[in-house]
Amino acid sequence: MTIHRPTEGIGKDVADWWQTEIIDMAPGEIRYRGYPIEELIGNLSFSEMIWLMVRGELPSHDQGLLLDAALMSAVDHGPQAPSIAIARMAATCGVGLNNAMASAVNVLGDVHGGAGEQAVAIYQEIAHLMDSENVSLKNATEEVLDAYIEENGKYIPGFGHRFHPIDPRAPALLGLVRKYAKGIEISGRYADIAESIEQVMEQRKGKKIPMNIDGATAIIYAELGMPAELARGLFCLSRSVGILAHAWEQTTQGGRNKGPIPRNLLWTYTGKKQRSYQHLD
Amino acid sequence: MTIHRPTEGIGKDVADWWQTEIIDMAPGEIRYRGYPIEELIGNLSFSEMIWLMVRGELPSHDQGLLLDAALMSAVDHGPQAPSIAIARMAATCGVGLNNAMASAVNVLGDVHGGAGEQAVAIYQEIAHLMDSENVSLKNATEEVLDAYIEENGKYIPGFGHRFHPIDPRAPALLGLVRKYAKGIEISGRYADIAESIEQVMEQRKGKKIPMNIDGATAIIYAELGMPAELARGLFCLSRSVGILAHAWEQTTQGGRNKGPIPRNLLWTYTGKKQRSYQHLD
Amino acid sequence: MTIHRPTEGIGKDVADWWQTEIIDMAPGEIRYRGYPIEELIGNLSFSEMIWLMVRGELPSHDQGLLLDAALMSAVDHGPQAPSIAIARMAATCGVGLNNAMASAVNVLGDVHGGAGEQAVAIYQEIAHLMDSENVSLKNATEEVLDAYIEENGKYIPGFGHRFHPIDPRAPALLGLVRKYAKGIEISGRYADIAESIEQVMEQRKGKKIPMNIDGATAIIYAELGMPAELARGLFCLSRSVGILAHAWEQTTQGGRNKGPIPRNLLWTYTGKKQRSYQHLD
Amino acid sequence: MTIHRPTEGIGKDVADWWQTEIIDMAPGEIRYRGYPIEELIGNLSFSEMIWLMVRGELPSHDQGLLLDAALMSAVDHGPQAPSIAIARMAATCGVGLNNAMASAVNVLGDVHGGAGEQAVAIYQEIAHLMDSENVSLKNATEEVLDAYIEENGKYIPGFGHRFHPIDPRAPALLGLVRKYAKGIEISGRYADIAESIEQVMEQRKGKKIPMNIDGATAIIYAELGMPAELARGLFCLSRSVGILAHAWEQTTQGGRNKGPIPRNLLWTYTGKKQRSYQHLD
């Protein structure tokens, strides 16, 4: 079978403006990364499709399951998170679910959604240091943490939680990684690295600063070979689920133009005293 | 075990401002819809978690698989779709992946992302008419289509495609629905309704206007009992995958401030002739 | 001087894909609506430029001033409005000011930002009824209100306020309209219409439901001949100022990942009791 | 007159959660930065209100005019800019003008909207070096440019243009700055700094790399004492006008689900050859 590109003879220069390896189409035909969509339907899970789309190849069974676990475990942390609160507020403003989701996903920035990405970067840097300079796990951990703290301050992304003494998601995810770490494909190395960070921090601070959800999903993303930046994108997919669920629940609850605090409470004004406008010539 | 609500005695009125049935938390504890997250990790797939979050109960095995198929089949339709183009452009503008995803998901509005929602509504209306007034499938289809066309024009959402003579995703999804339609839970009834629409339209127009991806996923969403409006939210989750994949690919390709067409082509100016500003007193 | 279109001879069909009457460019040359930008700089105010961009012609001096007043008076209504709250929350999430502004402007939907648009539509409908069927102001007002209330419920957009007994912006803006209503260009007719609505509502309810900021700016937008839908766009420009100011203030205050309510207050969980996951085969 | 804060006695802790110096309200009363809104209406221009909101004080007459010029001159650069293209595409997708504006403003990131901010930072750094270490203008310029180039590469934000040999907006804005630079309030110093950058670059490259719109508005923002980061926010306000104008024009033109290039052109697929799915156990 030959796919006749609809662009042939029309304006190759213009079609070249956008290039992609993700999708190819012809009338009646859609291929994702080379595979006809009709062969994937019924065979590939949603998480496996996510992998295929961002990586270009099919995942192994175990890779698919670990990605699945990382995605399903981070969907929500309640309406006190700005993203979830924004989704609920937006749903009372007379916009569509797509708009509510957009306003919310948009704030998953460096501070709100970036801890996982940053943790992946730290893990990968430790691994890189071990490989490139033959440093021990403990020493590499110390060195990378020292450099991170000097530049960014004392909080290590992925460890510690302002609310949970122990984040219940972390041990469950770590257990899964250990279960599937059977060899080269999923090595378990990044679980070791994350635990080494916990140990170094405990030695230094005299108390445990346990891994949180971001630190745990970062282990999975690192094990799966995801670039750090892409890990944030995957977190956005995951949190979009909670965002949708809360926007939808708020829609069914009703409420119009509902702000962040009860109407009688307002805010605290700390500015200039009352003053009168006087025109200056 | 008793969960002590952190709000007790502090300010019940304020905590009451946001009410949710989705998530409950206490230090060290996170429950989605009542289930502790650590019991779900490793047991629930991403799609099953999506179901739990928006519906409140666990799906059956077959319900989970059908939702999975609807989500994985609609992830992308290439950079000519405004949402995908926007994701790629945004990725060249110096914003994060979360921002690129937000600008793109935001445009999945009535025209770009709403066909599935509208098809679900049509299917449900036909079913409702059959049940409430004991009308035959064919007659209910005729009546609902007539009313829809009178109000909205001749295009029926979910049927026909400007590019694909046959959308290859539709028959594959329909086959899955037929496979899993074993009884009450997944009845197959909405597959019958969609096919009835195809038949009525073919009789009227003298040619087949085959079901497209929106019409096919709408069968699944209707079979699964999803409200029409929520179907759009689920489509947003699905398309977010393609949006992420294209934003990420564009990021790795580089390109800065890349607009919709090559720079030497500009646009066509159709406005006022050149004129000079003259100050009017 | 001849402008050589850079597209000539390259691919007219593609350049034709986007057509605009707003801007024309050639190397070294930029014209807005036909006027060279260098002639406008120093002569046109920001508000006059807004008029030129959306309307295609220069405003008169008085039209410019009234548009200016509508824009400057609606910039902010405090952090209890969802849009302002979202801007402030976003500013704590590690995203840019552009992103914070986007998440916030996005929620100025039918409920949060649409009252002005809806009021313009009501005013225009009353005027149209007077002109087309020679109905008196009072009768046209009654008729349009009756139809509106039957379809949308008892609240008339632009009138009444849940917080202010009298919105201090409304009389000030109304005074300006009266001041500039000198003849055909700014007729004062829509001020009459708005006051007629107040009178009819007072007669019906036995108490005054005074015009609010949306009702007052709608008078201006209607006097200036703005289509109702565009009035919302202009409101978005106006409120973007408050959105920026609050996002910027929050940025200078610091705060990280700051949600809508103090962290110890959480929300009220109203869902399913604690339950345990059991795998179903 | 005493303003009774509605929060008194209700829950000071909660009201304290959001603190602002921008706006204070009581029933019937709204004060921006201490000034009652009804005294500002009819007296303050839109640009002067923008200044008051972000700076906390009223601008002088000349400061207001210069801010006005910076805002009105950068409203649009045509549909080839990603922000404008996104606004137009969004307008064909069935979302509101507020949503189209949000998706577009959102991409005014470091690359697309950040040049002005970066130029302000460079100008301020040169001024700071002159003041703190008593360095000459020429030497300070050389030193700051060297450091910038070493870190960021050879392109200096605010200078040079890929389309315009001379950006017609730059000389017009520079002329205005020179006109209003009468003393301490508007010193003209940042115009000298920008011209010094032009001179140093010309000496080094042997050809002129003239100031563009971002370099020229950056002079104004620096003269007006705006922090660099805020300059981007102000640019977002300015470009929002072009974004609205194009979204609105596209709305009136119609068009549904209109992507970035004509439908028959598609894109170029550069990925994996056609391949068939095979299930791996």
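The letters A, B, C and D name the chains in turn, as written, and every chain counts its residues from 1.
FYI, contacts are C-beta pairs under 8 Å (C-beta built on N, C-alpha and C of every residue); 3 or more make two chains touch, one makes a residue touch a chain.
Keep in mind that what you see is a predicted model, and the values were worked out from it rather than measured.
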item	value
Both-way neighbours, i.e. chains that touch chain C and touch chain A	B, D
Chain pair showing more contacts of the two, A-D and C-D	C-D
Fitting chain A to chain B on CA atoms, where both chains share a sequence, rotation angle to nearest 5 degrees	180
Centre distance in Å when chain C and chain D are each reduced to the mean of their C-alpha atoms	21
Whole-Å gap between the CA centroids of chain A and chain D	29
Where chain D touches two or more other chains at once, by residue number	11, 13-14, 17-23, 25, 36, 40, 44, 78-79, 85, 95-96, 98-99, 102-103, 106-110, 113, 163, 260-261, 265-267
Residues of chain C touching chain B in the complex	3, 5-7, 10-12, 14-25, 31, 33-36, 39-40, 43-44, 56, 58, 60-61, 95-96, 98-99, 102-103, 106, 260-261, 264-277, 279-281
Chain D residues touching chain C - in the complex, by the definition given at the top	13-14, 17-23, 25, 27-30, 32, 36-38, 40-42, 44-50, 53-54, 68-69, 71-73, 75-79, 85, 88, 96-99, 101-103, 105-110, 113, 163-169, 171-173, 175-176, 179, 229-230, 232-234, 236-238, 240-242, 244-249, 251, 253, 261-262, 265
Interface residues, chain C side, partner chain A - complex	11, 13-14, 78-83, 85-86, 89-90, 92-95, 99-100, 102-104, 106-114, 162-163, 256-261, 263, 266-267
